[in-house]
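Notes to accompany the following structure.
Note that the chains take the letters A, B, C and D in the order they are written out, and that residue 1 is the start of every chain.
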Amino acid sequence: MSSRVMIGLEIHIQLAGKKLFCDCTTESAIETVNGKVIERRLIATTGESGKYDPAAVYEKSRSRSFNYSVTDNSCLLEADEEPPHSVNSDVLKKAISTALSLNCQVVDRVAYMRKIVIDGSNTSGFQRTAIVGFNGYVETSRGKVGISSLCLEEDSCRKLEEHNGIVSYSLDRLGVPLMEIATDPDIVDEEHAVETAEIIGKKLLLAGWARKAPDAIRQDVNFSMGHGRVEIKGVPKLSTIKAAIAYEKERQTWLAELSPILKGTNWGRLKFQDVSHLFRNTKSKVIASNLKAGMNVYGTVLPGLAGYLKGEKYRMGIELADVAKLFGSGGIMHSDELPGYGVEDEIKGLVELLKPGKGDGFTIIVSTHKVIGLIQDAMIARLKKLEELDLPETRVVTEEGTTHYLRPLPGGERMYPETDVPSIAVEEALLEAARKISPKSEEELLAQLVSEFGISKQDASVILSTTQLETFQNYNLILGDSKLATRVILQAIPEMENKTGRPISIPDLIPVLEEAGRRKWDRQILERAMDLYFVEHMPLGDLIRSDEMKPIGGNELKSMIILLHNEAPVNPKNIIPRIRSRTSRPFSPAEALALVKEILG
Amino acid sequence: MSSRVMIGLEIHIQLAGKKLFCDCTTESAIETVNGKVIERRLIATTGESGKYDPAAVYEKSRSRSFNYSVTDNSCLLEADEEPPHSVNSDVLKKAISTALSLNCQVVDRVAYMRKIVIDGSNTSGFQRTAIVGFNGYVETSRGKVGISSLCLEEDSCRKLEEHNGIVSYSLDRLGVPLMEIATDPDIVDEEHAVETAEIIGKKLLLAGWARKAPDAIRQDVNFSMGHGRVEIKGVPKLSTIKAAIAYEKERQTWLAELSPILKGTNWGRLKFQDVSHLFRNTKSKVIASNLKAGMNVYGTVLPGLAGYLKGEKYRMGIELADVAKLFGSGGIMHSDELPGYGVEDEIKGLVELLKPGKGDGFTIIVSTHKVIGLIQDAMIARLKKLEELDLPETRVVTEEGTTHYLRPLPGGERMYPETDVPSIAVEEALLEAARKISPKSEEELLAQLVSEFGISKQDASVILSTTQLETFQNYNLILGDSKLATRVILQAIPEMENKTGRPISIPDLIPVLEEAGRRKWDRQILERAMDLYFVEHMPLGDLIRSDEMKPIGGNELKSMIILLHNEAPVNPKNIIPRIRSRTSRPFSPAEALALVKEILG
Amino acid sequence: MNKIENGTMVDFTYKNTKMKGVLVSSSEGNLNIKLMSGYNLLVPENSITDIKPLKTIAQTGGFEEKDLIFEHGPKKVAFIGTGGTIASRVDYITGAVKPVLNPGFLRESVANLSKFTLDISLLEPVLSENITPNDWILFAKTVKDKLSKNHGAVILHGTDTMSYTASALSFMFQNLSGPVVMIGSQRSSDRPSSDAFLNLEAGLEFAASNFGEVGIAMHQNTSDNAVALHRGVRARKMHSSRRDAFRSIGGNPIGKYENGSVTISHEARALSDETVLLDKLETSVALIYFHPGLTAEDLAAVTEKKRATVIMGTGLGHTGTRLYPVIRDIVGRGDHVLMTTQCLFGSVNMNVYSTGRELLKLGVIPLSNMLPEVAMIKSMHVLANYPDGEFSKVMLSNLRGETVDREFLGEVP
Amino acid sequence: MNKIENGTMVDFTYKNTKMKGVLVSSSEGNLNIKLMSGYNLLVPENSITDIKPLKTIAQTGGFEEKDLIFEHGPKKVAFIGTGGTIASRVDYITGAVKPVLNPGFLRESVANLSKFTLDISLLEPVLSENITPNDWILFAKTVKDKLSKNHGAVILHGTDTMSYTASALSFMFQNLSGPVVMIGSQRSSDRPSSDAFLNLEAGLEFAASNFGEVGIAMHQNTSDNAVALHRGVRARKMHSSRRDAFRSIGGNPIGKYENGSVTISHEARALSDETVLLDKLETSVALIYFHPGLTAEDLAAVTEKKRATVIMGTGLGHTGTRLYPVIRDIVGRGDHVLMTTQCLFGSVNMNVYSTGRELLKLGVIPLSNMLPEVAMIKSMHVLANYPDGEFSKVMLSNLRGETVDREFLGEVP
């Protein structure tokens, strides 16, 4: 009971750019393409030892079907209609680079595996994942925390809704490259967990590789204090990590206290019966409307649980409600919280009918004839597990940091090689390339941006904090002008997004920037071009051939300068803005200066 | 003016079965397949002499587009999406047979031509037609009437509606084999025309080859009395032939009288102007609603036509209205019939505005700015033609027998060889086959049916008069039982159609009859099978394997007869109905009789 | 180190890290080791140290029996495995796909299995791309045998050449006492998302229904909600990977399985009282894809020893005039040249253009809208089973629905 | 009687009937006479009597000039005729279709002609099925010449091999200063219902727009309301007769003409400042359709002298193992074997099955979703214009959009 708390983290970071196994971008502009939806079912098959994976069996018992909305950033691969293309070499390089920066060993060959997942979140029924690095560490204020592995995997579908046993997903997120960094259980408490997550997260954010999206980084927390490992899935924020660990610690503590008390209870007495007739005139709106919809109210005694369902310390009610919710029920109402929720007059009838003994609680639940048996079995199984302090399971976290039962931990059965993807040898050249892009510290990066690209420290720090380092580097390469690249990122794009009311996507912008780079447009011209392109929707081909964009030079430019000179003398200092004031067409400042010299003799 | 009246007929008869150039049936069960509609345009191209066909030019001036509803009895050919298949040899044989019975010469080679038709009634823009026979005759009470040609051609699309310049057609009728029998202009008057049409029509109806449809026979009438040939299209009934000829004779007579009177009129004074403002508060509901719909009222003088527009004799108003209607206008209102139609108060204003001189009439019309110029040109052109007594044209007939201007006569330019269809040599074997099926007279047929097939004279005459001779012959062949075939036609099918409320199509029925023939079903079994198939929609495969349809024979039949014998003695006379009363399953009467003999010793 | 057998649990050190796993295999200097975490690690043999065998792990038992009756329900269906993705099971350690079939697996994954009694027969598995006409004869004989004891038959087959086999069986069976349904899958059945499960479910239902043809049962669309039954002689694999790759070219499927029930078109052939098998095939038939680079020599080289040559011509059935001399030679020596269209959709019609008319004069037989592959297989069948004098007549008559008399106007060609 | 010339009006008696008409032609013992009614009568020469010549009718004048400027409007477009249904006019007497082009006809039938000035050049007409790589070179040179004087070019071409020519031109033009638009028709332009009119209308508009590719402009569907612009290297004729026969395989068209206006996808290549033509082609390339009857000998026979062999394999890119020795030989002697899929839709992926992996080991080059015909033509181009050592690399790189990086989920494969 007083076993040492062991905490490990799994940090998942989505990488921006293209997806892991196809040419789709990680970003989506439209929700569904022509409202196209695919309907699918998944069938769990036996693992190599002839046994099903427990998580898979559990999912199967829920028998759901899945609808997938086809998005603009999905292709046949996401629809599970073609084999994976080759591994995205760019993100592989980044994963290796990250592994190196986390002091990991890098594998000699990256070999993809299929991890069976049949909650529908992958259209294939599995997630492709490969170990890239292992046995690394990060330094923290409380000592080294080991990095057991760094994997590069596909992200899963984004869940839209679940309704009548049909789960709807969007394909937009499926296949987005996901780095999974798992620490050893070296973390000692919640503060340490937050610190560790921060150290690892910042490394990647500063590199500018992560998607610019609220859910680009998600953590799973592995927690144990002697009763088995609990995996808490999908913790979005650092503050939630802290809360979740604290909650789970408290939960396991009272469960440990309760366990000897519950020992030997005859759980078989938990037997639901239809008690709907007691609720004909109920004041509970929820129950009334459900009864109207054809559902029933079921009730059962909860042997020996009176006072433990929602006591000061004990919350067995929540444990049971978690089970009920997985089967589509809204939850339970139990004796520790009744009367309440409009249920009052019925209690006498319930007690007469269910006949709880001394120490027994009771509960009611709204459900259907088809499902109630499953719920009853699942509740009894759960009570037995809790009685035994057999706590390993996968749990999910709420925004407030409370955790809830989700499903059993997956077994080892669920992984086998992805033969469609040939293994990739990590040659020295690849390692070298990875080392070159190795993520730097914030200070290093700031200094580099200022010195190498000559941009202000303030701009540099905005670029870093908005994780746009890589974007900046790309734009600079294309435009050949770091100031212009900065301006595009920090001003032009936000302005354009303001005007159009929608995000400007990088792939959409690149062709315009390429023209700008090729034609050496200055800031005004580029911004005008962006205006024409994004706001006035002029096709790029027309745009570059439009009169406005036609470069002015040669005799035409000369005439203009002479004209300006006749109005008021020109000189190398005033000439550029003066030409600019006359025309919005592009021109070569160098040529203008040369012409000024020529005119001034 | 007193030139001899010359009348010729073109009789068009649709043949039932399959279409002329594909495997689609001539009958359609559903209107459109999934509401599929094709939109098309037709472009008139220059004929061989580099000149457009006048009818084609005229159609082109109307610039319409065409919508075609795809029916269940159409395929890629009707959609003009594939070349014609080979010529339907069955209907070719019938056409040759008909030619022979009309004392025609039969061509040595049947060579298909394309006749340009761009009113949209053919998706290809032409009609495929071939001469099969020529230079024949029929005997009439007024002497021989020559048959100039017998052609076998494709029927055109069925027109559904015309709306806003878009003409809608159904593909169901397109490609139905159509025999066109053209007489020489040997017919002397309307009674003679009716007699001739009757003689030719009956020949084909008795053969039972025509479609059983109200529009299976249509006549065109060629009429002249010295002012050029007028072609009156699509005369559906014999009585209408008579009325139409009489009407046309009368019309040409008064036109001939009027012609010298109109000579020299300045038709250029016919000039429409917008007079809508006079009709702001009109009592004419038609005009008011059209004005509301954004149309205008136009008015013009009609030089020299006062009294001739709707006099006792002269009807120039109708001639002008015909033109207006072709351009989508509802018609005209002219001075000979005003005040009327709710137009009364406006007349004074009209006269002030249009200023008709002495002898001038005037007219108003509801139309649009876009079209009124075309109408004006067309009216002037028409008046000039009528003034010159230049009367050749294509006219259309109403049910009452009045005829109306439709379009100019097509020229000779409009035909060229259909190279997609190889010419067919009419070999002796084909001629022989055609002679064998040569249409017989009603008496011959009746006698044959009674003697050869042993059916009653009354049944035979119903079969003939409903043009079901060929159907009867087919069914008899399939069933091997002429009485059963008669019963199917005269009773079973009408009953089934009654029950299902829809026509039973021959192709649908054939498989059932084939099973009946193969399995030697008797009347009861067959009718039960039809019931199961058409009313209860049991698939044929299931039907023939169903218990009800399982033949009873061998020991099972023997047991039944013994049982019956124990109830009351059986004998060869009573055994069949007695078995029938026990079971609806099929059995062999011969076997039953043999068994009775065996049992009786 | 070489002595450690595959399937042995080992301790070892790799890149200064102690690890534990099962040695799966070794090839090309790499060891494949499945770690306790489930991941397989591919490690160069020479980069690991201290490898120590711990214990041998039992290999997973496959399904060994070749023939058995798998009794569940009243509908008797023969279940013939020939290989292919659908009849495969993955080895979860190596990821290799083995062509075996586990009835237990069927029970777990095929929803309607309880309605059927399966008469299972697993032929020596052959990859579908390796199937030759000899295999068709073996399949046909097996089907004939099995139909004598069962209502219908399903044949599990690789999708690559499934339509070829379906065509061959269609021609070889002049009559069928029960439906013959070929089933394949485009996603292997080890995957939770495999199309195999629904295809099997539908295939069994089709095999228990009443029609006397060889059909192919595959997903009708990309969703798991409908299976189309394609006529064997009109189906073609039109996509390399989609689950709805098979299409009925130029017409509609002859059956459909949706919402648990089967509908069979009235155009499907009826069952016969007995199965009639014509099991001879003449294999010396060429299939030629005409294109602008194809020379007369190329054509001559391939067709030299062929009894019949099926050309996939352009458009309505054309080839360049440069091939006429070779075509004339082939026809002249008594062999046959047949024309189909490489468009795949639509018919040849050799009366429309002069090229077509000239080819007809040379003696080329125009095969309407028969698919090129089907024309080739039909030639094999007709050459072997009909007098040579009737070749052209039989090729032009519609034996098994291999030509579509009426092509309807679908949304896309 | 033999002396009467074609084009003479004659009186004659046939089957006891006096008739009058124009003698059109005579062949195989039949006279073809156009009667006054417009009907042509085919009469056996020996069955007519009393034939008397009356007068000679002037033959209809065709359009004779080969090159001319046809000035109407400001947009300058080269108009290159190569033959094919679209560039044909019917002879209304014989019904024969002549490959000529009448600008007057264009004026009458092409709605938007007044916007364009056409620089017309009529090449020696060749039936599209007779086109060979030499013709491609001629076409390309003509296009290059014409683009120097016009904004864009339309090429009238027979539909049978139009996609082959479009592919060839696509590769041969490394850069284009104007759009090159190929137009064909599936219904000849003598027919009022011809698709030629709308295709021409759209083709001119496309040629006046801004993209630097070779495209094919044909009806998008069966109605006369939209024309699709297909990328030359992705188009395929998928139906022998429908007007919407051409499809962009595995992707969307790169342009559309509808309601009088053109839209060009942003995926279309931009115009270049100048046109760069690589006009060499190596023609010794084989295209092999793999099927169960194809033997190793067949493959060896055709590929013996070929520098490259494109196989249309099954499914994801497979062939029977029986072909491995031949493939090994070809690769061994330094020639190339390339894999495409006969499914036409979808990609080859030779990592999924062992067959694919073994073929890769043999040196077969997997061409993703490149169409087989395009692969063949690209091989011709690459062999002639790149060093042999780079063959594989260039074949695998996407030069002109011949492979589709992302295939979307359409309704049908």
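Here, a contact is a pair of C-beta atoms (placed from the backbone, for glycine too) under 8 Å apart; a residue touches a chain by one contact, two chains touch by 3 or more.
Remember, it's a predicted structure, so these values are computed and weren't measured experimentally.
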Number of steps on the shortest touching-chain route linking chain A and chain B: 2
Where chain A and chain C are represented by their mean Cα positions, the distance between them in whole Å: 41
Distance between the centres, which are taken as Cα means, of chain D and chain A, whole angstrom: 50
Residue list for chain A, restricted to those that touch at least two other chains: 38, 76, 79, 81-83, 419
In chain D, residues with contacts to at least two other chains: 222, 240-242, 316, 346-347, 349, 409
Category of the chain touch graph - line, ring, star, complete, other: other
Residues on chain B engaged by chain D in the complex (per definition of touch): 38-50, 56, 65, 76, 79-83, 105, 107-109, 111, 113-116, 118, 123-126, 129-131, 134-135, 149, 412-419, 423
Chain B-touching residues of chain D, taken from the complex the two chains share: 14-17, 30, 36-44, 47, 60-61, 90-97, 104-105, 108-109, 187, 189-194, 197-198, 222-225, 240-243
Footprint of chain A on chain D - complex, ascending: 210-211, 264, 266, 270-271, 316, 346-347, 349, 351-352, 405-409
Chain D partner contacts - residues on chain A that touch it in the complex: 22-24, 33, 36, 38, 70, 74-76, 79, 81-83, 419-422, 511, 539-542, 544-545
Residue numbers on chain D that touch chain C, as the complex places them: 127-133, 136, 159-161, 164-165, 221-222, 237-242, 244-245, 247, 283, 285-294, 298, 301-302, 304, 312-322, 341-349, 353-355, 373, 376-377, 380, 409, 411-413
